[in-house]
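Chain IDs A, B, C and D follow the sequence of writing; residue 1 opens each chain.
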Amino acid sequence: MTRRAFVHRISTHSPDDVSGLEAALGAGRIDPSSIVAIFGKTEGNGCVNDWTRALASRALREFLGQHADPDVATRACIVMSGGTEGALAPHITLFEVRISGEAAESDALAIGRAHTGDLPPEAMGRLSQVDLVADGVRRAMADAGITDPADVHLVQIKCPLLTPERVAEARSRGAVCVTRDPLKSMGLSRAASSLGIAVALGEIHRQSLDEQAIGVEWQLFSNRASASAGVELLGHEIVVLGTGHGWSGPLRIDHATMADALDIEPVRSALARVGLKSDGQLAPDQRSRLVALIAKAEASSTGLVRGYRHTMLIDSDIPATRHARGFTAGALASLVGHAEIYVSGGAEHQGPDGGGPVAVIVEAAA
Amino acid sequence: MTRRAFVHRISTHSPDDVSGLEAALGAGRIDPSSIVAIFGKTEGNGCVNDWTRALASRALREFLGQHADPDVATRACIVMSGGTEGALAPHITLFEVRISGEAAESDALAIGRAHTGDLPPEAMGRLSQVDLVADGVRRAMADAGITDPADVHLVQIKCPLLTPERVAEARSRGAVCVTRDPLKSMGLSRAASSLGIAVALGEIHRQSLDEQAIGVEWQLFSNRASASAGVELLGHEIVVLGTGHGWSGPLRIDHATMADALDIEPVRSALARVGLKSDGQLAPDQRSRLVALIAKAEASSTGLVRGYRHTMLIDSDIPATRHARGFTAGALASLVGHAEIYVSGGAEHQGPDGGGPVAVIVEAAA
Amino acid sequence: MTRRAFVHRISTHSPDDVSGLEAALGAGRIDPSSIVAIFGKTEGNGCVNDWTRALASRALREFLGQHADPDVATRACIVMSGGTEGALAPHITLFEVRISGEAAESDALAIGRAHTGDLPPEAMGRLSQVDLVADGVRRAMADAGITDPADVHLVQIKCPLLTPERVAEARSRGAVCVTRDPLKSMGLSRAASSLGIAVALGEIHRQSLDEQAIGVEWQLFSNRASASAGVELLGHEIVVLGTGHGWSGPLRIDHATMADALDIEPVRSALARVGLKSDGQLAPDQRSRLVALIAKAEASSTGLVRGYRHTMLIDSDIPATRHARGFTAGALASLVGHAEIYVSGGAEHQGPDGGGPVAVIVEAAA
Amino acid sequence: MTRRAFVHRISTHSPDDVSGLEAALGAGRIDPSSIVAIFGKTEGNGCVNDWTRALASRALREFLGQHADPDVATRACIVMSGGTEGALAPHITLFEVRISGEAAESDALAIGRAHTGDLPPEAMGRLSQVDLVADGVRRAMADAGITDPADVHLVQIKCPLLTPERVAEARSRGAVCVTRDPLKSMGLSRAASSLGIAVALGEIHRQSLDEQAIGVEWQLFSNRASASAGVELLGHEIVVLGTGHGWSGPLRIDHATMADALDIEPVRSALARVGLKSDGQLAPDQRSRLVALIAKAEASSTGLVRGYRHTMLIDSDIPATRHARGFTAGALASLVGHAEIYVSGGAEHQGPDGGGPVAVIVEAAA
């Protein structure tokens, strides 16, 4: 007996649209009780007041509650990432794990997950968040049957943020939060979470990590971390994707690291490694085999991309995360030939400054 | 004796930054009295209240006034396009025409220009604007020594827009404007201007053109039109780029048409035709020979890109033009390897719905 | 036996926050089965992509579904108005109608409501929407026991808007919508709805109304109309507030018309008429008797307020409706002494151009 | 011989509009060589990338250069404050000082000014900025002939901000700036400047001031400080308004402190003290005697106004400063009867948290 991962990408018409899910259910393509995680791109601003994430999560949990055991709905990692700038297409990606009679394949996609407890507001953006996440990532790896950190291709994490009310609650207990600025807290929460991933994957030594480095020392990063912050939770939901023991099926995964916002050639190479080799844009038949592309994007802190000035950090009308998502989405979509991809903003310690990790999941040719 | 075009791309640190111009002048790289046009990307929102265009124009005309005859400053076509979303780099591109002793080459870059008179507010977005522009384009072609419209690769135009005050002024005379919405007027002005270009280039028959088609019938378009609207003028400034009689020098030009927001393969082909062939991203040595890339971008009116939903048209926080510029800039920058390119939003009748024309200017290998 | 209206104003911590409702229920202050309508201010942008309205509606209907008969949840008019600019406080106002043994009072608050059927996209912003709404308003008046239109002090309506998909659906049937711009459709839907109210209240004669006047002839308006558009419905939800036959209880209502965005003196007079007379800001004890203030705000189409230029219509970064809500909220809050008031944007044909209707509900002194 | 202050309020049609100035000059109403300061509200976002301030400053200095001695243009304090949210009207207020034969009056308006040297980026938001500003304020008081700090009613200051390039320049010298976030630096620069004012006015003891308090300890503030940050300067321009020795003329000044965003009653009292007593909104004839109203506005850091939640700090689409300006402008405009007033955002240490100082300049009745 092996485990087999299924990944379904479903377009959505609105944040609370589950009609595509209903259709897939009706057609027997999905098995609700096997669902372990749902990643989604929703059409909010991806920042503090992005309520599309909450709306989508509410609709998805309601769907799961109607069609699966309560336990499935409770344990599913629902990671909604707001922000579909440019032509980015709102959609969800559903991860199922089913028991299979097929033989194990060493390069078959493996999925693991874990939840952490709630983080007190004053611990956010600090080493205690790093440790909480590192522990969660290790549990998720174990869940996936992954023993070698090198076999991890993506760790997707949903982490909390600070609101004025949470800061005030901490203050009422005499505790001081790392910032009072909600937007900044999103970045620091993603930063600490990503360093937690780097620690768990052995990319950074925990002992050498200083609290002052969080959100500052960008040369410290994980090449496989993807973190999204949201107001709708206080703990962390963690999903690990890679290759592990005892998995079967045709899905393959690899990853690349973009050195900057338009560094797509490493992604082209990663696609080639999992069977989608192409000089220019992926051909239509290749596109249909690309199940998911998951990427992080951010504005470089230097204010430059390849020596030329960008204005993302000094635009007070549009948050830098929105700029970065739209631009890098254009770069990646022009490579794969469509924009129903997952590009998430705010890549603090997720790949090098201004760049970010990219994971690709592909269905092997029959 | 021939004419020779020089094209200089200069980074800017702010909309009113002329330090790069001063440096080029000091180094003898530019000849102010030969300047015929300046295109620029400035870091405003590219919409109605984008005052960076006015600020840049003011600084540039002041620079010209200090270093060249009054006539040069007056006649220079200064086309500032607001909006440097994503990693788009603010910069200016300077066009000079100098007299040369070199032999004419049939594929050398040719430049022509023309100005039109002021357009009454009530004529904006209507057939009289189409006619005014068509006449201006023909004069600019003549100025460039271009007799065959097929030799035109780009017509860049700066056109006016409606403000509440202009609409009120027209109303006080009993005249009715096509819209009272300033943002919408930008689109209609670009639309009528682009149809004027299409008429001049023989892509559309003037007789078959109905006023109701302006801003509505997107299947009517020019493949070589690029229009930007700005509050700072009432007439039109027109620049034609192509190949004509009596031009010399190493600059080459070609154009492509993107069918949608991520259709970069035609651009790759155009680059190859002028000597920059590349499977993936342009190599660093190729990049240095790419003098300018000028493109239009817009959100498809169908709400879809290759069958997937985009949210640009229903985002009330970020104008669709800003979304489209950032996304398509990402697509094109990932092709050429940097983002100091000219991507302008609002491609009404400029290429097909959701796509747009792209011109590339390249220095021939020595 | 009489009917008695109860109005509860409850602060919310997020769009989906029902904790205040739960507390009121637990304390016996509200009777879920008596709820007929809920008005709310949610913290979205109040424009096309404002999903806070949908999120709040979903949470409220779920609350009603848990605590009242299905019929109550289905029939409740849930009018969420997005946009809490400036210090506007997110909150809901709950309207209950209970049977009472008290004697009828001619000036007691009366409430009526009605729903209309779904409107085809192509009918939006047209005379058929006017007629549909006028009919609905008459039914809501009848429901409230109001026979004289002069006894109506507010008609609150929730109306639909156009999305690219709805426009496309209409086009697929050969039908043409009044606009393809979603933001513009919100204004036209509010406009047609408000003219429908004006027709029902006898403020405008239906025969003299031309379809071309909708969204254009601002001198046509209702002094008691308040319309909000939302993507979450296709028909209309209508609530009438006034004085009618057979109502009891201490709640009083009156209305005023602001002639422009800072015309608060008529509101001061209306407050005085229902017992809250004050030269300056309402005193704290008066504030506690002000149960609800419901107002409309908009940017004047002339670009002027009392002869001075405003920039709301030419700001492409912030929608004019958001500007207008924040500004007029400041004006009204400085009169009543707090900002937990309902100020809704987009007052097309709701009061004069640039102004708007205001209703106040006050608890009579014991 | 005395000095006499003249204050002219002039509407503008765009940031670079000097037509009103030209008209006033032509009519002999203004004397360019007497101009000492110009305050202005321009229609940008008032944040980092607000280029309308630079555009207006450029146009105003050019006007002064054409009509007055170079020294006048150089020394004039040009304080452009971006952001005309809501109905706030773009305008400039011109301050002249002329020699007069009239007798001195102890309550006549007095004006003084000073410039400081450039501030290194790493000093911004720190005690050295506090000290630099305090020294400048004392010099401006001396310039105005004010010896008692109690006679100061307003200190208006224009201060610098940090850009990525300035931070990088400091870093290249091994210096560390207080923040790398440009928007945050605006707040910290205003904060340090305002504490400098408070020190100079004796509201705070310099010895007891800790660097950690800057931008944090909101209970420390000046009741007469108004600070605006802008990218266009590196030093400070300081204007002091009050009453001093040797001034004549009919202009009177007073100030009030708003305790929160809708606390207009103290302003009503200040108006009454200088001759404009009114229960409701100022009457038209009173309005014409109100020469200028200058106020600061900000979102309270507690997330509450009078116990009700506001959402200004968690709105990632609109900066909190824009929200606060629009709302408080509505409150103040509804008091004085028009919106051509100067409301500036970001009131760090300028009045209490969430409130701000307000100065009124009135022409005494003949």
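Convention: contacts are C-beta pairs under 8 Å (C-beta built on N, C-alpha and C of every residue); 3 or more make two chains touch, one makes a residue touch a chain.
Fair warning: this is a prediction, and the values are worked out from it, not measured in the lab.
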Chain whose average C-alpha position is farthest from chain D's own: A
Rounded Å distance, chain C centre to chain D centre (Cα mean): 38
Computed distance of Cα centres, chain D from chain A, in Å: 46
Multi-chain contact sites of chain A, meaning residues that touch two or more partners: 13, 43, 45, 49, 165, 311, 314-315, 317
Graph class of chain-chain contacts, one of line, ring, star, complete, other: complete
Touch list for chain C against partner chain A, complex: 13-16, 43-44, 49, 51-52, 54-55, 58, 165, 231, 317
Chain D-touching residues of chain C, taken from the complex the two chains share: 11, 13, 43, 45, 84-91, 261-262, 264-265, 268, 279-281, 299, 305-312, 314-315, 317-318, 322-324, 326-335, 337-340
Sites on chain A touched by chain D in the complex: 45, 47-50, 163-165, 168, 180-184, 301-303, 311, 313-317, 319
